[in-house]
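Next, two complexes with subunit A in common: one pairs it with subunit B, the other with subunit C.
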Partner chain A sequence: MNRPLLSLAAILLLLPLPAAAATLPDDGGRGLEIAREADRRDQGWGDSESVMRMILRNAHGDSSERKIRTRALEVQGDGDKSLTIFDEPRDVQGTAFLTFSHALEPDDQWIFLPALKRVKRISSRNKSGPFMGSEFAYEDMASFEVEKYSYRYLRDEPCGELTCFVVESYPQDKNSGYTRLLTWIDQAEYRTQRIDYFDRKGAPLKTLTLADYQQYLDRYWRPHRLEMVNHQSGKSTSLLFDQIRFNTGLSDDDFNKNSLKRVK
Partner chain B sequence: MLYRALLAALLSATSPLSHAASTQLSGYVEFELRHFFNDPLDPVQASTHPSAAVEPELYSRWNDGDDSITLTPFARVDHRDSERTHVDLREANWLHVGDGWQLRSGVGKVFWGATESQHLVDVINQTDNLEGVDGEDKLGQPMVNLVWLTGNGELSLFWLPYFREREFAGLDGRPRSQPRVDADQAAYESGQQENHQDFALRWTASFDLVDVALSHFHGTSREPQFRPGTDSSGNPVLTPFYPLIDQTGLEFTAALGNWLWKLEAIRREGFGDTYHAAVGGFEYTLVGLFSSDVDLGLLLEYHVDERDQQASSPFQNDTFAGVRLTFNDFQSSEFLAGIIYDNDSYAHLGFVEASRRLGDAFKLSLEVRLFEQLPPNDPLYSQRQDDFVQLNLAYYF
Partner chain C sequence: MQRLFSALLRWRFTTVILLLVLVAIASSGARHLNFKNNYEIFFDDDNPQLQALERMQQSFSKSDNLLIILAPPADRTLTPETLSNLHWLTEQAWQIPYSTRVDSITNFQHTFAEEDDLVVEDLLLDPEGLSADDVKRVTAIALDEPQLKHRLISEDGAVVAVNVTLQLPEEDPNAELQQVVSAARALSEEITSRQPELTVYLTGIVMMNNAFSESSIDDASTLIPIMLATIIVLVGLLNRSISGTFATLVVIITSITAALGLAGWLGIYLSGPSASAPTVILTLAVADCVHILATFNQKLRQGEARDAAMQHSLQINLRPVLLTSATTAIGFLSMNFSDSPPFRDLGNIVAMGVGVACLLSLTLFPALLALLPVRSPGPGSRGSSLMQQLADWVIRRQRRILATTLLLVAGALALLPLNELNDNFVEYFDRSVPFRVASDYSNDHLTGLAYMEIELDSGSAQGISDPAFMGQVEQFARWLRQQPETVHVQTLTDTLSRLNMNLHGDNRDYYRLPDDREESAQYLLLYEMSLPYGLDLNNQINVDKSALRLIVNFETLTSLQLIEMEQRIGSWLATNAPAINAAVSGPPLMFAHIGQRNIISMLTGTLLALLLISATLALALRSVRYGLLSLLPNMAPMVIGFGLWGLLVGEVGLGLSVVSGMTLGIVVDDTVHFLSKYLDARRQQGLNAEDAIRYAFNTVGRALWITTLVLGIGFMVLAQSSFRINSDMGLLTAATIVIALVMDFLMLPALLLFMDRHRTTAAARNPQPL
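So, the complex of A and B:
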């Protein structure tokens, strides 16, 4: 069996597409349709590994870099499974997260602490909390499932050289840190180009822009540069993908508490 | 076919995988300063104890990651206590991963457990008693460990062919018992002494929000019993005695919203009368305290040991309460403070553990340990003067 233990991994995860709630002005189900189409186009990727850098900046211009690898496995009919492994900073090298994400149920999540060799289940309610001190929340990193939001199509709008659908989406999970998201999805390939996040009070919180899309397996588009800017704190985080691979031979056996202990 | 192989070779040769190399050296060097607040019980003991330690790790993998070796030596040099100046091989093992199974052979380290304030079930590795007082530092254990994956969990078998004796602070060391423990006079129930062959197995599984584990260990107890004796000069000492035990353990964790419920329980035979002990409680996490990035964790655990006042552990009817702050900042700042309160004697142990990264490669840690109002029959009574504060500065490479 081909098991590239330490290669890279995938995060296939980031595309919160928005859209339609029953109580809102009727969009004829168009928002949900757009979300489903984007989801449909992204099905069948199987497994992937990614190598990335996360650069954190505060309002004073100080920065700090993390090096991360992820492995992901598509699960039909449920949320995906993923392993996230830290290579830097060096004091947390080998620290890893295992996540079984679910559409509506809370995710199952464990952390491996290499100094103690301890695998510890962690509370899944931290989804609104920052991922490793960055401007990405855990929920921003989680796999996209259509059922996680309700949707409303708003309008068409130019986005760069493309034309985008602008779709509003509402998290179904009351533990989400957001009341709504505004998402720009290009009409050519249904790629998320931008997301505006609104906090629990409805105020603008963050903007994510996704760039440097590349196509894999002649089908799946992945952004290689993501910029998250927090409008309230002035902090920002860049997520730069150095490598993404598909069909790496990962299977269910690579996503359990045992594999978490030996991922490094 | 040839084309595909060439392409694959080319791709792997040009992979910018600098942080996923097949052989890597990492680790840390640290400087530590311990200061004891109170006058020592024994005038030969000092109040300020500087020391330094290093723990490099060499890791190499091949065969597409299905085989790997890990080599992790450890050394500490302590300015005051020659016994605390010690070396250990934390890990030196070969791991082979098969299809649905894995085999680890050599010196390794294994953690079993669920709770935070005591690790009752964790029985594979000997505690490195010289490093810290929380029992979380471990000596490397020679083992052959075979693991089968079972879908939602695993079954793990251990053959432990050699026993590691616990080490104890020397005459100048703090904290230490009064009188000191003379590890050179260690005695065993088994005539084979440290060559007694120990075995263990553990089954663990996850069901949605719940993790459970059941384990059994047969062999030489990692925890010694203590007997009064004298050293070669006729001074009173304690001598360790290692009985053969059978220990069955249960671990349980459930994640219910903001609550993590945790339980560990053991039944131990051979360590005096057969007894049961347990520790259980919860950790409640408040995410984003006062709309900040800070998470607040509240911990409460209860300890019970049916040997009551005859228990070799100080936690026979005790309550642990703790507060954990996770700052989620650039520097990964963390703070944990707690108190373990004896519900019978009102003795209490207090502690603080805090840490913060400095720059990219340094980490500063603070630890405080307090031993308060210990009665004479408490197993920790002779450490009643050994309250200390400890600062560590570590460089990671």
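So, the complex of A and C:
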């Protein structure tokens, strides 16, 4: 008898959040402007190499460590190229991923498996799952391209000793694990300080805090400690950068299928 | 006492007001009452199985689930329309509040080789324009996949399901559960409006939790009003007094509200079992009033003035009312020996209710009656002459009656072992509950709902990649699948074997575990990197990759079979994989264990209650001899009740394990009343045994059979509950109470006559002037 009411409730309940957001007042393009400015300030870094550790913790407090190195090459006009090399745990040592990221199409990705001594191309539309079992999704770690999201500036808000823009962004990829992100960007240097992730039903999923920023080449700011907390599962992951180097002399030749096999 | 009673009647108005204010204060605690609805409340925090489960869920992920089954009309296979609706449902299920994972055959991460590529994609990518061939392809792959068959698709490919894993924050559990259930129901309505031929069934842990709360709410809204109406009619008919009925009703209702209020003040919460407290209190509170009212009417009939009649009635009934209330409370307090908190709560709430009812029936009840108009009752009914005949018959046939009843008890003792322990939580609900219907359908057509979560710990970080460990896990999974009870085994070894095959160009020969640990680790790394949000392996692998979790579904098993299965698993692992550290848990197993533990602990509780009650009786009757003698008629009803249960039903669960203690407290009342009248006759009136029996029948026979009728009907109403824990408890209690009356009318007098056959009366030895 209350069938129409129930279906109405269903429709309201299932309404995706971005649609609701679209009805909110326009920010006059300010959100996009902020994203562009952040992107502009980060251009021209060329290439870099980083050494990092990932510490995974579950709700019970057990923890586990992974060690990774990345090499990255800036590509003008398209997504960057990157190489991820796994050092620990031991049994995946030498496994390497080569990624050509793209703003809107799926990234191209190859993996070298030392155990098979072969390079395999991975064809997967959807890499929103966890990176090495951590709370970071592959899409959280992929290179930032302005076109991947649409933006809406919300407000200014103090963040620590700084003042931040709070910008809401909506993933353009329908396979994203998120409906929206809330990003805190400091007004002084346009560094991302914090990101709140909202899952497919618009519920708070994770919070990323970025800390220990250091400046390289007098221009580029890089965080050295990233903490991702999953509010739903109680698990968390710390990503710690032990070393970041720029101008390491990497070139296009270091980022292809053949170089993948030789990677050390 | 006498002065107190007369003061009470003199200041009747003040008494009523004062008591009602006190009741109101006690009752106001009800606002602190919370209703809890999850299965965890049946277990103490330190319950070993609960702890194992919580530990496992912290290492992996929570396994609370909602299973949405799409059932086609009979003999219909999967159609393109159903498959496309399944795809739609799979997408929409992500919108269910607190969902963290959604699995179905459509979003299953199908992996295959394409030249040198590894393709990882949804098994059904595009639901548009599906042909019969598409359905055939999807069905064939799904049925070939051990992870899906018997879990998300039926063996014949006709029935499909979406499994939603949820992570409820448990900040406001009732509201959270409601949100999930209403979202699930809305989706199910939506599916049936899209494709009316489908039947949608909702089951899983979340629906079970919901059934616990809906059953209790149903009970509260249907059983309690039925009870009240029944009591009003019964008391009204039997006493033929409007004022008396009204006063009884006031005492009953105030006892219930005060008990619930006190429970609230004490921070007790309500749950399925403890929510039956009002019904039980309602039934028990009547007895006190019936006895007082009966004597009051008797005295009025004898021509006494109203206040004098009431004072008399109070004097006569004070001791038995106090005594029976005390024994009833002891019986219910014995539930504190239960291992399951809701039953301890039920015992305590009812004990408080009994205490309040005792107090109010001795104070509020007479004061109210004194305020209300009372007309002199008509002449006594034929009841007394009937009782007279019964007394004569028992005296005539005493030997034969004693022998028969003793034989009956012995026979029932022999039947006791027919009771088999069975706590199947699905069967906690009768077939009027949708959860039960859905679960039965799932058991018959898709997958078993009895399941175990098994953690296999290799003992070292990254240890799951060790081929020796994986080999043992695979053997274990194979062994599990060979067990006749097993329906489905979810194991990572299947995924790894498939990946090995995919990475070797889909060569079937490679559908086996990788040879070395690097291969395993790297395949898993590769696979994990390719999975979408929510479909990761974190529900099967812990963070440092030292342990795996297997989930095994079984067909419907009794608790004993489940515990036996657990032992079989334990001994297989101990023999074949001694290096693996295993833990087994899951709600069905937890219920199986608590049923068993509870029966043992309740036996202790009942025994202690029996001793305490007998001691109370011996003290009250001022005779060790009669205290001991009372043991037999007090225990006989329990033995016969359980014996009959073994013969007719044969299954004992959590609900029944508490029956013995609680009925003991109730059935003892009849013995108390009968014995005290018998002893009065012997000691004070100097009658011989036979005449004392006649006296006892004449004075309390009618009241006993009225209270038994009320109690029997009361617990029969509880037996109508759709929640089997409550209905079984009600049915067996009602039966035991009726048997108790029969025993007190037959066995007890026969026993007394036998014991006292050579005894002269105290009066004969020491004659008193009449």
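Side notes on the structure shown:
Following the convention adopted for this analysis, the second predicted complex is superposed on the first by the 238 of 264 C-alpha atoms of A that agree within 3 Å, B and C clash if a C-alpha of one lies under 4 Å from a C-alpha of the other, contacts with A are read in each partner's own complex, and residues count from 1 in each chain.
The rule is short, and it goes like this: contacts are C-beta pairs under 8 Å (C-beta built on N, C-alpha and C of every residue); 3 or more make two chains touch, one makes a residue touch a chain.
Values in this document were obtained by computation on a predicted structure and should not be read as measured data.
Overlaying the two complexes via subunit A brings subunit B and subunit C into a clash. When the shared chain is aligned, subunit C comes close enough to touch A:Phe97, but subunit B does not.
Once chain A of one complex is fitted onto chain A of the other, the partner contacts of A:Ala203 are limited to subunit C, with no touch recorded for subunit B. Judged by the touch definition given at the top, the superposed model places A:Arg40 against neither subunit B nor subunit C.
In the superposition on chain A, contact of A:Arg219 is made with neither subunit B nor subunit C. In the superposed model, A:Ile111 makes contact with subunit C only, not with subunit B. In the superposition on chain A, contact of A:Gln243 is made with subunit B only, not with subunit C. Once chain A of one complex is fitted onto chain A of the other, the partner contacts of A:His60 are limited to subunit C, with no touch recorded for subunit B.
In the superposition on chain A, subunit A positions 3, 6-7, 56, 58, 62, 64, 89-92, 116, 118-119, 121-126, 128-130, 132-133, 177 are in contact with subunit B in one complex as well as with subunit C in the other. Residues 15-17, 19-20, 22, 26, 28, 59, 61, 64-66, 68, 95, 97, 99-100, 102, 109-111, 113, 136, 147, 149, 153-154, 204, 206, 208-209, 211, 253, 255, 257-260, 283, 285, 287-288, 293, 295, 328-332, 357, 360-361, 363, 394, 396-397 of subunit B touch subunit A in their complex. Taken in their complex, subunit C has these residues touching subunit A: 55, 57-59, 61-62, 92, 94-100, 114, 116-122, 167, 169, 182-183, 185-187, 189-190, 193, 461-462, 465, 503, 514, 516-523, 525-526, 528-538, 541-545. Listing the residues of subunit A that touch subunit B in their complex gives 1-8, 51, 56, 58, 62, 64-65, 67, 69, 87-93, 105-106, 108, 116-119, 121-126, 128-130, 132-133, 177, 242-243, 253, 256-258, 262, 264. The residues of subunit A lying in touch with subunit C in their complex are 3, 6-7, 9-10, 13-14, 16, 56-60, 62-64, 86, 89-92, 95, 97, 111, 113-116, 118-133, 137-138, 175-178, 199-201, 203, 232-235.
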